[in-house]
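So that we are looking at the same thing, I have put the structure below in structure tokens.
Chain nomenclature is as follows: A, B, C and D, assigned in order of appearance, with residue numbering initiated at 1 for each chain independently.
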């Protein structure tokens, strides 16, 4: 069946598999002390203009978020996130399981705002409350939107004026930085945040997130934390080798762009069918508002997720990836046309 | 340089890489709800004669141990381990970070004994102390030894008579079950323990441990725990596909056996050089006692670990794997001969 | 200076001091296994018509909340509370420090609603999210309001239909059950909740909260949890003896009523001065809306807390207790009159 | 029945009750920001010659230990203790529940040694292991012994040379500093440790431990930690007032000395009966070795605890306190004489 459920349904890009194949006959030290990990760190330092940065790889995104956040916070400190933030909703309380409160503010277009951060700071003043100490955002957001450089500068400014660390979850950074609305570079991220991740799992790698500590002084003894949380891969080289294969020739950004293009075409398909969107399509996740009967009928033909009911139907989520093929978009176009205009059992909206 | 540091210095066995390559063009549901994960579970159920078993895959061993142990224990409950146990020494307090005490007893040949367990039970009687609730052992042990069926039966008996769950860490299960001293089968493990792991990282896989819950009723809602701890892989299929590639044709046991054979040859090399062992060589880790000067000289030619000083020298650890080549053993033989008998700078012991 | 800051600014009621004095020459077992603790449990069982109930004493309210909640929840489970709930705002993340998320819903008059609970349940469906498992409410609430029996029945009903435990924080239960708007008895609480507390610290005791487990089967091994969290008092008898002194002759309810009466008089003072309230005065905490200049001027003469700015001024909190004297109310009346109508430096509003 | 079970079986010393009585008609700020807490801090600063010290009160000893230790350690750091240490054995895993490993070394006469600390440091070298960061000792120890100034200096020296903080649990400090073998002052403790406690519960107070932070810079934001752990008493003044009553006139040391004297007399009773001791009687806990039949017979006449079997009988623990009366010692003497020499049913040893 046609699937637009997510962007981690395929294995790895063939060039990544090739790189992994080479490892069978090489010998490397364990635990990320290998030369692929060194190469990855060098690449990031050069390309993010951050000679001081440290790079650590880990298997997955929830792990990376929990690790970064709990490495910085003291027990009574909290992290601020949009209410829609991944750490708040979709990580089964991983941050709280490390002992920390997630303080939330209503998102705007999926994004946290500088004003929201200020408001939370204002509310937390005494030792009877947690102390806000970090801000978590993601790019792209859970709603597929991206931060502008101006927005990130404003957030970064609030953080720095108030002793808050800023962490950007880049599980979908490939899509974010290669989409049309983006006006940021890796160097901007490194300059404006204290840590961010470069997501591999959703953009061509078999698995893996690269954690970039832009200010390693804020995360002393990071490897102790990493080991304790089961996030220090014995074969760190097998993760770093994927990232070097993706990043060194620019494949990573090509794959992000490809996913975005597929999502753009998909958005056109919906738009031409007269379907509107919850938020303007931007990256590789788009959110058409499907009338109830159409949603039901379409779900027999294609896999996708439902986010929430709204007036006029339901907000659906369609996700594309580097592995999405043009033929799949065409097939969805056909299916949609059939459902809306076909004879017999066409859907009345 | 010659390396006998560990058994996770290479990538994956070529057949595993092939299996991973196939995933690039397939589409699978995320989070372990795919057909490779189903096949893996079916294989385990049939081959361990445990139709009730659940199988969950995760990226690494520390993660697997923390997950299994903390999923079962209530906050005031503790796990019993040999003082040499991996969870006690080499996981940076991962179990304690999940809130639980590790109660230890001195190991005998690397193993925990039924008597040690009984002693700990006897010492813990009131609500002013933690309550022992689980026993952790590993096969092979940290000292390369293996449990006999009789030993495991005795431990299992103590556990069952006293309401203790039994968990066996099989990070090196391939070596354990394929070594000469072993008299156990997967079915024995499934019958005698409540959970065990089948280690992939150290035996042919790129990464991954398969957690077998022999009594899933003791671990309700395991996937919630897995997600919370960052141990639910988005691409679970990429882990399970490696295990099915390894297990279905028996490759897993062949690789374990190969590692053991290489270790056996290595042991002969040491023995012929008149070097004795801290424990009788059994599996893919051997522990020769090197006189100090020899240890120093040898470490210029080969990588290996030092465990602890003993009378007459230092206990060293040499590890082989599926990827160890006969030529490496021969080279070590030559090096050793040179050091002991060569002209010029031979080592006086 | 006149103080209406809180209800824990004095020591204990003289009858409690007397009871404590008697303990100097008595000998009791430690850790709550004494006859005062037994008497307290018997009193609760009889007066709450709950022969199965267990009673445990502990030193403070945050401790009691953390203990009860974390004793019941498994690591991935969460507690639901009003956004204004004490555990959400004023306990420095104590619940999160025990590993659990607090799921919040906007309060109505300080109260959590059955609809809010239903909404949260609806939103939490998969293992990627925490699982709601408990509901936390307090009576009186943070805004001084009380639950009606009908409201509690409705909440209890939602909980029981959905496998949620219900816990009522009674730090101010003396005031709650003795106020005019209340239509509940201890027996109602015991029938409708799974656990509740009877607060001593704020109602005549030197310190202490009595935790009533109405369904002890939901909290097995509670004393282990209590000890682990430092909440098992060595001299449990010194806490229980205070409760028996307060409860056996009805002094506890008299003190609650006295606090409420003083708050009622204080409310009249404000009302007669033309000052309105954020919420109708109900229990021993009242919330007049003070125009800014009045608030400033009044704070030179009396201690009270400010809650938040609103149109027309600021919501202030005035708290009375069993130790509040009529003369203090009169003094405030005079001060207020002077500020509003006196010559010279009267406040223009 | 005669009871020598522990030193927290009575309420408070009458002078403490008097001090508590006075609080009923005074008004104080909550949470330790009152003038009794200030007076207590001033007293400690002057008497321990530590003008920089901070003092915080809390309800009990387990709470104090958990609070101090977890306030200083980062998640992967561990505390070193004697294997007999209270935090290791008798706090139901409270330290582990805060996420930290307790590293143990066999005690010598109940004490931790500088050599033991060095050994543990030597064993912990990489990020695969926890990092030792603090040393926990208690004075008196679990076996009733006391540290000499020389021993404490040696331990303190090892700590300071190795970046370890030193914390001394003074739950029985009254007995420790007033016993004959002691050669230390409060000022020595303040100079040699980074934090210590002055125990109230076991020496005249109704409840309470005073935590002295000799190096408050090591414990920034301590009050946040205190509140989060439920260890910030609403009526902090009720705890501090007890300490000022005990300390200002020297009553605290008198009570400790009285307990020790009673223990000394009790030791003479046993010695005259030909009974030897596991360790030389030193403070208010003594450990006679009772032949089995005598232990059984005596337990019908007096309450005491059994520690462990040894050759020739069982090690028993007899504890005295400020409230122990000479008549009780005499009664035990009589009982013992009867059991050993009386007609009829005298005990054959």
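The rule is simple: contacts are C-beta pairs under 8 Å (C-beta built on N, C-alpha and C of every residue); 3 or more make two chains touch, one makes a residue touch a chain.
These figures come from a predicted structure and were not determined experimentally.
Centroid analysis (C-alpha atoms only) places B farthest from subunit C. By number of C-beta pairs in contact, C-D leads when B-C and C-D are compared. Averaging Cα coordinates per chain places subunit C and subunit D 34 Å apart. Here the spacing of subunit B and subunit C, counted between their Cα centres, is 52 Å. Across the assembly, subunit A contributes residues 75-76, 91-93, 97, 99, 127-128, 224, 227-228, 232 that each touch 2 or more other chains. Partner subunit C is touched in their complex by these residues of subunit A: 75-76, 78, 89-93, 96-97, 99-102, 127-130. Listed in rising order, the residues of subunit D touching subunit A in the complex are 70, 74-76, 99, 127-128, 131, 221, 223-228, 232. By the touch rule above, subunit B contacts subunit A in their complex via residues 3, 5-6, 8-14, 17, 20-30, 59-67, 91-94, 97, 201-202, 206-207, 224, 227-235, 237-238, 323.
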